[in-house]
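The chains carry the letters A, B and C, assigned in the order they are written, with residues numbered from 1 in each.
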C-alpha cells in the first residue's frame, strides 16, 4: 500500500467515525419518534461553539471542557425535545417536521447573532496535534483518536441498549409506541434519554470535528448533519450498527472520491445525496433495516 | 359567484391596477423593490404551497427550482457583447455564447427547464414519504446548486452572472404574479385540484378512489417547479445578478415560513403572508442596526437579530397557531363582509334581509 | 353452479408480515349478483384479505382473478378503475373536505380532460365537470346526504360518515363492492336499516357485494354464502345455515371469547 493511500484510508476512517457518531443520534430519534431531527446538525454546531468557548475563552483544561460540553449539549437536546417536539407529539407529522426545521433555523440564526457569523478558529490542543510516523507517513494523533473513541462509545451504547433497563424501554418504545405506553413505560423519560444520548454523541463528534477541521461557524452543522442523516439511512434507519456502517461508507467514499477522482472534488457534497437517492430507490430500508408494511 | 361578489372582485382588480400604476409612477425605487419582492415571493410561496399545502408532499426543493429559472434568465438575457466581461475567468461555452433571448422567452424557458428537472427528480423521490421526501428534495436542491457552481462555462461558477438587464419592472412582476394566482386558483378548484387534496388528506383512500398517486404527485410537483422557475427568473432579473450562494436551501425555509404562517392549503393566506413576511423582513431591518436611546445602547439590536426574530416567529406559529392565518380556508367576500360589518357602526342595508 | 363465471376468484392467496401469516392459502369465489360475507374473530385476517384484493398489499403467494383477468400485483387505483370499490373498517374519508368534494373526487378517475384543459376550463372539461356534478347530485340525493353536502366530512355524525363512504365508493361505478364492517358501531335498529340499504343499493346499482361483518344478524340475513377465517385459515364456507351449525366456527368464536 502506498503511503498516500494509507493517509487517505486513515482520513476516511476518521471522517467515517465522526459521521457515525452523529448518525447514531439521528437513528435513535428516528427509531423512537419516526421523525428526522432536522436540528441535530445544529446541535452539533452548538456543541462546537461550547467547546470553543470552554477551551479558548474560559481556558478550561480540555478533558474537563469536553465533559462539560457533552453535558451541556445533552441538556440542549433535551430542551429542544421538551419545548419544540413534545407539544406536537400528537399533531400531524408535518407539524413536527416543520418544528424541527424551525429549531434548526433558530439555532443557526441564534449562533450567527450571538457568536457572529465570522468563522472562529478552534483552539489547537497539543496532545491531538502531535503526529506519529507510520510507514513513512506522519499522521496526527486525532486521526487515530476519533475511531478509537467511536468504537468505545459504540460498545458502551450497545451495552446500554441491550443490557440495561433503559435500553429495554427504548427498544420497546421503538418497536411499538402504544403498547409500550400501555405497559407502563414512561415514554417521556425514554424520549428525553434518547435525545440526551444522541446529543451527547453529537457533542463528542463536534469536539473531534473541531480538532480535525479547526473552524467553527454557524452553518457548520448543516452539511455534516445532512450527511449523517444520509449515513443513518444507508445503514438502515433505526439501527445503531447500521448508522455506524453508513457513516464509514460515506466517510471513506467521500475521501476516496476526492483522492482518486480529483476532478470531481467540487461534487464532494453531491456524492452523499446521490448515494441517498440510490439507496432510497434500490434498498429503501437501508443495509440493516427491516421491511415493514403500513397497516391499513 | 354571486353577482354582487363578481362586481366586488372586478372593483378589487381595478383597484389593484390603479395601485400598481400609481406605485410605478410615484413610489421611490426602494419601496417599488420591496413590493416587487413581495410579489415574487407570492409566486414562489404559492407554487410551494401547491406542492406542500394542497398535495401534502413535504418538498424542500424550491430553492433549486428557483435557481434554474434565475440562471436561465441570467444566461440568456445578458447581452452577447457583454458576456466576455461577465465570464472573464472562463469564456462562455460556444454553443450558447451567441444565443440571446428576449426576457419573456427566457422566463418561460426557465420555468420549463425547472419543470423538466422536477419531472426527472420526481420519478425517484415522489415515491418516498414525508421526511424522506423532504431530505431527498433538499438534497436535489443542493445538487442543482453544486452543479451550477461547477459548470463554470455555462453559469460562470461561483462568480455568478452579473449585468442581467433589469427588464422585470413592476408590471412584469405583478402581471406574472396575477397570472400565477389565477392559474393556481383555477387548477385547485378543478377536478385535478380535488385529486391533489384527496392525496393530501389520505393517500390510501385517494388511491382506493382510483387516483393514480404517482402521476398526480408528479403533476403537482412539476407545476409547482414551473412556477418556482418563473419566480426565480423574475428574482434574477430584479436583482440584476445571480450567484449560487443566493440559492442555498435555507432560502426554501423562507417560503416555508410564508406558507406556514398563511396556511398550508390556502391561496389567499399565502398571498397575505408573502406580503407580510417579505415586507416585514425589509422593514424590520432596523433590528440589525445598533439602536441607542440617548447614550444608552439597547443591547439586543445588532446584526442577525432580525433573523432570530423570524425564526422565533416560525416556532411560535408551529407550536401555538398551527393552522396559520387561514388554515385551508380561503378569504371570500362573505367573510370580508362579516369582518367589515363588525367594524362599521351602521349595519349594511339589506345585508341581513336576504 | 359450475358454469357461472365468478366475478372474483382468489387462488390460494397468502399474506405474511415478517414472521406472522395473516392470511394463509385463501381461495374464495364470488359470483355476479351475489352477496357474500367474510367473517371470523378479531385478527383473523379479514381486512388483510380485502387489502390484497384491492391491491393495498401484494399477496406473498397466490393469484387474484377479477372478471377473468389476473389483477394480482396491480395498484389499488387500477383495480378501482377495473370496477372494484371498497370502504374501510376505520372510515377513511377526506376529513377536511366537504361531502360534495368527497364524492366528486371519486369521479376523477373517469375524467378524460388533461390538467391544462381542466385548469383553463376548456369546453370539453366544462361538459365533463357538469356531467360529473349531475351524477354526484343523484347519489347525494339517493343517499340522503343533500342537507350535509357542504359540510366537512369529519363534522358528520358517525352513521352518516359510513353512508358517505359507501356513496363515495359507488361514485367510482364499481361492479364489485367490498364493505369492511359497514355496521361497526351501529345499534340493532341502525344495523337493521343498513341490511335493507345494502340489499337496496345492490339491486339498484346492479352490484356484487362482498362484506366483512361482526353483526351476525346482518350477515345471516343477507349473505348467500359465507367464508369463515380464523388465524388466517379458512375454517368453513357455506350458506348461513351451514355456518351457524358448524362446530369449528362455534369453537373459533367461543375460543376468542374465553381469551378476552
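Throughout what follows, contacts are C-beta pairs under 8 Å (C-beta built on N, C-alpha and C of every residue); 3 or more make two chains touch, one makes a residue touch a chain.
Because the structure is predicted, anything quoted here is derived from the model rather than measured.
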Q.
Spelling it out: a chain qualifies if it touches chain A and also touches chain B; which chains qualify?
A. C
(Q) For the interfaces A-C and B-C, which has the higher count of C-beta pairs in contact? (A) B-C
Q) So what's the Cα centroid distance for chain A and chain B, whole Å? A) 33
**Q.** Rounded Å distance, chain A centre to chain C centre (Cα mean)
**A.** 47
Q.
Taking the mean of the C-alpha atoms as each chain's centre, how many Å separate chain B from chain C?
A. 42
Q | Of all residues in chain C, the ones touching two or more other chains | A | 56, 88
Q: Specify, in ascending order, the residues of chain A that touch 2 or more different other chains.
A: 296
Q: Give me the residues of chain B that touch two or more other chains.
A: 204
Q.
Could you list, by residue number, the parts of chain B that touch chain C in their complex?
A. 183, 186-187, 190-192, 194-195, 197-198, 201-202, 204-213, 219, 223, 328
Q.
List the residues on chain B that touch chain A in their complex, please.
A. 56, 58, 124-125, 128, 130-132, 134-136, 138-140, 142-143, 146-147, 149-150, 204, 250, 253, 256, 260, 264, 302-305, 307-308, 310-312, 314-315, 318-319, 322
**Q.** Parts of chain C lying in touch with chain B, wherever the complex brings them together
**A.** 54, 56, 75-78, 80-81, 85-86, 88, 92-97, 101, 104-109, 111, 113, 115, 118-121, 125, 128-129, 132, 168, 172
Q | Complex contacts: residues of chain A adjacent to chain C | A | 290-293, 296
(Q) Please output the residues of chain A touching chain B within their complex, sorted ascending. (A) 35-36, 84, 87-88, 91, 93-95, 97-99, 101-103, 105-106, 108-110, 112-114, 116-117, 226, 229-230, 233, 266-267, 269-270, 272-274, 276-277, 280-281, 284, 296
